[in-house]
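Next, two complexes with subunit A in common: one pairs it with subunit B, the other with subunit C.
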Partner chain A sequence: MTVMQKKSLLFLCKCGANISNFVDLDRIADWASKAGHIDLAESHNLLCSPDGKKFFQETLKQKKPDTVVVAACSPKMHEKTFQELAESVDVNMSYIQMANIREHCAWVTQDKNEATIKSIELINAAAKRSFEAEPLKKMTMAVNTDMVVIGGGIAGIEAALSAAKADRKVYLVEKEISLGGAVIKTEDIAPSMECSPCLLAPRLSAVRNNPNITVITNAEVNEVKGFYGNFTVKIHKKARYVEESCIGCESCFEVCPVDVKSAFHLNMGTEKAVYTLFPGSVPAAAAIHKESCLHFVDNSCNACMEACPFGSINFNQKDEDIEVTAGAIIIATGFAAGDIAGIKNLKYGAIENVYTTSEFERMVCSNGPSKGELKLKNGEKPEKIAVIHCAGSMREDGLPYCSGICCVEAAKVGMLVRKQLPDVQIVNIYQELVFPNPRDFSFYKQQCEAGTHFLKSDNISSVLLSEEKERIRITALGIDPVEVDLVVLSTGLQPSESAKKLAEILNIDLEKDGFFKADHALLHATGASLDGIYIVGCAKGPVNVSDAVVTAHAAIGDALSKLVPGREIELEIMTACIDPDKCGGCKLCITVCPYKAISNNADKHISFVNEVICRGCGTCVAQCPSGAAKAKHFTDNQIYAEIGGLIYA
Partner chain B sequence: MAKPKIAFYWCASCGGCEEAIVDLAEQILPVVEAVDIVFWPCAMDFKTRDIEQMANGSIAVAFINGAVRTSEQEHMAKLMRQKSGLVVAFGSCAGLGGIPALANLTSRKKIFEASYHDCPSVFNPDGVEPKTEVVVDGHKLTLPTFYETVYKLDDVITVDYYLPGCPPTTDIIVNAINAILEGKLPPKGAVLSPDKSLCSSCKLNDTKPDQVCIGPIKRIIDIIADPEKCFLTQGLICMGPATRDGCGALCIQGNMPCTGCFGPTDSCRDQGGKMISSLGGILEGEDRDSLQKATKGLVDPSGTFYRYSMSASLLGSARKEGE
Partner chain C sequence: MPETTSTIIAFVCNWCSYAGADQAGGLRLDYPVNIKLVRVMCSGRVDPQFVMDSFRKGADGVMILGCHPGDCHYRNGNIKAMKRSILLEQMLPTFGIDPKRFRLDWVAAGEAERFKEVVTEMSETIKNIGPLHLKGFVESEVA
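For the complex of A and B:
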């Protein structure tokens, strides 16, 4: 019996002169003609040109080769091109193997002999590998085109509105009792100094009036199953004890006898045990602080219930678990203000009249705890205010990085102060200034001209605050001591408290700094490390309002382009698979799969890959101690053949 | 009709495989009934010339155990191959090199130094070493060549089937003999034992969680192993995940982790490498320090991961001087 020698059809591309000038194609052709396992197609001037593509297709049709080697450029350039051309003439894509004789040979040496030898080796390796290829099959799957947005700040709101506009159902999940996030707690947005509530109010009402958006507040996502195009999301919605019929008329506020420190006012003011975050919130309904409300504490009060004109108070309301399905998940969980409690020199919490930028801005907000009036703890007006840049930032015991957007906020302090107290002296103490765009920079120049003094310290970590006769004395390396009445600490931005838990629930990666990690920092910056999950706004790292909205729109644009109603999604072709006849069920692959794509079937004592989730990374293949797991198109046989082809060319 | 002839031969081995035949006990009787044993140096008095005089292919099956370490073993293996219809590599040494192949990590020179000079119990004032040829009183005496490397059987002859194990268990020997007698053999080259890993039949596998993370690696002498819990999860290197099934998990039942004697499954080319690769994914620790701590208890990696399969490994042996 004679075994037919498989033959690979070799295409040699000259790539204009890119390859032919540096590699001896005649010598390769001569080698190929003698090799026995290679049929040579004519070499072509530019195989990726329209003429070259046609030549490729026609030759394949005519010669019906076992396999094909395209000796040309990097597979990153044109492997897909030639695979698709092959498929179009009924040659399975798996039989197309690129040999990179341009980037790996022609472009890396002036020595034509060396380049030619290496080309022959790579072509031989590719041919040998191609003989071991098994056909690949394209798989598609129907998708759910709805979306879940986690976080109801400006990024989440804009994401929800954009998706809803494209007729997608959106579930907007917010942990607070109403939407608005960080922006609604501010007065003006620098550098344009646009009024924050005025900016948000129409967007909030657009959300409220949009039938495609379901707002789920006082709620957290606690379980996510599935994958891109087919997520099931479980949401735990805590009872607020006020029904949706509440319009936020505040009748109950007047009768509630309990005052509670207001988290919305960053603990600087109070609210009642029945409360809303601000008038006109979405949803409008109030909520009850269960731990403070006298009805719950000792059953001694029903005042709000009696005062409510709509019968909306419901002390028996229960927590709810809601399950929704979606094709994409958008994470817009924002940030937390940098924690500076551990930095003793700043005396935060120890000296009166020392605030963070968020606290300061809340204080001067017209809807703030003091209705926007700026005053010291003793009720007097300040005469001099200092702003400390990078408080707690760029130091190992705080945030080791620069948040990039706080200098504008720090510069804004002076402007907010001058709005009501034009004669107050403002001094900003900094080591580095970051105004990364023309708008921010001119805002800074304006503040300098308007009277804010910027003092450069040699080391911002050296800033030390102390009390000095009812004033605050600030010393720092490189500047003369300054005495002021009030200090604003410009804190950086750190990941939100929920980021870590959410990353675990979603099985996605965080950056070292704790913000969500992008799939690709440049090309897919709003994609998380798993397909179908997006990261927008400050969830992906500190951004200003404008960039938060840009990322939201970018993410939704990408999601809309990938989840099109009626169109199936193409799944990864080169997945891993586990041979059920060979798997011993040792489960070690399950541990290492970064996508949770492998499960164990306890009855059959085997593990299996869900090929819809699998991204073909091959980790389980390296892990599988018995060789039952196989990476399609990267099988041991292919790789051994390739190595053999390299060595024995 | 004449009964089929079978032969047993041993090369570099400990004798355990011969014991395994004897351990068949009364199960050997129907075998003896059905066949003629024509060669079994360990148990019966036959001479090499008896075999040499037989017609080529006249022995139905030759069971050869042991690795190939000397020229005599290679010669005998080739002779058995010539005279036999089927050759079965019997046991880990013939199949994969076995324990003798761990000597591939050293050299012939060093082995001789240790065995004939340095070993404290050696008395060798004249510094005599084995030689292939020596003339005594005008008579030439010869000894086989001691090879630099230990080979598995199929490195020197074509092997038709493999019986794994150190030694092969009674069940798989009986099954193999029956399959041969009944002519119900799989395609040539097969290992006559299930092609799954030991975990597939190990009762302790059910105690293993989906997420396996093991702390510092321990040896069986370091802890009292819990007989009800997967050894790997106890930090013991159990080679079960990288080892072929078929032994009936005998060691596990004796509260000892698998040491890998049944060798790898068909889809695995390098048993030790696969197990090392696999451990890499489940070891506790992220950085160099913690990983070094986790692997500190692993005092003999080659002996742990390649105890039986050094000749069959991708590297095969350490690089020898002068190579």
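For the complex of A and C:
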């Protein structure tokens, strides 16, 4: 039996003189004419030029080759160009093979003779490989263009509003009973010192009034299935025992006999067993602390129910499991304040009047436990306050990094104090000062002029607090001891408690520091490590309010540009696939796939690739002991042929 | 032995090492002509059989070059490559192949100099060991 010898049509590109000066193209042409498996098209001066492209297309139309080898530059430059040109004249892209005789040959081999021989080997390998190619098919998929936003801080709020403005349905999931995140717990936002509630209130009401946004509070995402364009998200919403008809009028607060430590006030104040976080919250409805409410504890109280003018109290409300679908998921779960419990020198929790910046912010906040009044534990006004920078940061037993935004917060303390107590002395003890932008730096300069005294220690980790009569004494390397009445520890920002769990649920990566990892730090900084999932605000690392909003808008912009109603998304073409007849069901492929793209059909004992999730790394193919898994366009046969082609030219 | 008569096959991942080699070209860094690259999407795609096949067909050295650990475009394919390589290196002597003929290394897209360094070193190593003669193992022709 004689098999017709397949032939590859060879295009030789001179690339101006970039190739032809270093490689003897005539000799290659001569070799090609004798090789038997190669048909030579003329060499062209610049194949990627408009003229060259036309030549390429015309020649393909005329010669109808089995396969094509383009001996030119790197496939990373122009593989796609020539594949698309081929498709435009009905030649399947898989039959286009590039031989990189420029970057990998002409430009790196001084001896022209050697470079010519190597070029022949590369072309031969490309031709041999091309004969093994199987046609590739472009795949597209219809997408859901709605979005789920997880976390209702400023970043999540802005993301939701932007997406809703583009007429997308948004599910905004917040674990607390109302929106606002960390910003609503502060009084003013440095460096512009805009009032936080004034900034947030209109945004909150915009969310409330937007019919495209469904706010789901007291809720957490506990399962996500699917992929970019087609996620199914399961949300567990805990009962709050107050119906949506509640307008937050607070009538029940007066009658509730139970006081509970308030987490919103960082345990520095109390709230009733029926509570809201702050007046004007979104949603407005109150919630009940089931563990403390007497109705639940011993059925001895119904006071709130009787007091409610709207009949909104419902002790029988049940937890709900809600399932929604979306094309993109935006993670806006923010941060947690740096934990300094383990740093003994700072005496946090051991000495009175030592607070973290978060606590200090609550104290001076008009919606705070003391309605904004700053006082010592004994009720008196402080006379001197110290702020310790980098408390628990940049040390191995705390946060090993610099959060980059706490110096501004630390500088803000003095300003907030002077707002109500103009004569208090403020001293900020620091080792490093970080003000990443000019506005932050001028804010710091203003604080110096306004009276904050900045003291530089040689080692901020050496700061030691001790009680000295009624006062607090601070020592540190390189400074004289300081005595004050109140200390504010400027803690860093660490990943939110749920980051790890969410990363597992979504199968995305975290950075070493525990914040969510970007798909690409520069080019796709708001993309998570899986398509269709975004990371915004402090979920992606410590940022200030301005950057939290910028990242939210950036992520939504990217999502909107990719998920367009009525437009299908293009899928990865060179995915893996598994031959069901060869698969032995060992599941080794499943263990190595970095994207969990492979599932096992338990009935048939075989594995199959979800080609929407697969990115085509080919790792499963290398692992498969049965030869069942195949990497499209990078098949074993193609690679074996290429190896052979390189060695036997 | 002269470079031109020995062959080193290097499997390089598309995202880092192939790009690193492209950059070496862009910078006109001269390196031994016996280095021949086979592009794969990720070093994790490299089946140890590809390495064996290269030796069988006459390669004197084989390399796998991928992104640095932590930088794999597909999260951790390079770690898979590393695990497989450790096993492979242990097996090579049973086929009469000096494990020094095989090398796994990392070259980032921007590391043109490093690409040149790594492949030049490999070329030197192969020059020192000499050609590989796999007795009774070599296929005569490949389709």
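Worth pointing out:
Going forward, the second predicted complex is superposed on the first by the 622 of 649 C-alpha atoms of A that agree within 3 Å, B and C clash if a C-alpha of one lies under 4 Å from a C-alpha of the other, contacts with A are read in each partner's own complex, and residues count from 1 in each chain.
Basically, a residue touches a chain if its C-beta (ideal position, glycine included) is under 8 Å from a C-beta of that chain, and two chains touch if they have at least 3 such contacts.
A quick note: this is a predicted structure, and the numbers were derived from the prediction, not measured.
In the superposition on chain A, contact of A:514 is made with neither subunit B nor subunit C. After overlaying the two complexes on the shared chain, residue contacts for A:636 are found with subunit B and with subunit C alike.
In the superposition on chain A, contact is made by A:529 with subunit C only, not with subunit B. Looking at the shared chain after the overlay, A:615 reaches subunit C, while subunit B stays out of its contact range.
Of the two partner chains placed around the shared chain by superposition, neither subunit B nor subunit C is touched by A:269. By the document's definition of touching, of the two partners only subunit B reaches A:584; subunit C does not. In the superposition on chain A, no contact is made by A:372 with either subunit B or subunit C. Contact with both subunit B and subunit C is seen for A:592 once the two complexes are overlaid on the shared chain. Ranking subunit B and subunit C by residues of subunit A touched puts C first.
Touch criterion met: A:623 reaches subunit B and subunit C at once. The residues of subunit A shared by its contacts with subunit B and with subunit C are 592, 619, 622-623, 636, 640.
In the complex of the two chains, the subunit A residues touching subunit B come out as 579, 581-588, 590-592, 600, 602, 605-606, 619, 622-628, 630, 636, 640.
On the subunit B side of its complex with subunit A, the touching residues are 195-200, 205-206, 208-213, 240-242, 245, 264-269, 274-275, 277-278, 280-282. By the touch criterion given at the top, residues 74-76, 100, 102-104, 106-111, 114-115, 117-118, 121-122, 125, 128, 509, 529, 574, 592, 594-595, 615-619, 621-623, 631, 634, 636, 639-648 of subunit A touch subunit C in their complex. By the touch criterion given at the top, residues 4, 7, 9, 14, 18-19, 21-22, 24-26, 28-31, 33, 36-42, 44-50, 53-54, 57-59, 73-77, 80, 84, 141-143 of subunit C touch subunit A in their complex.
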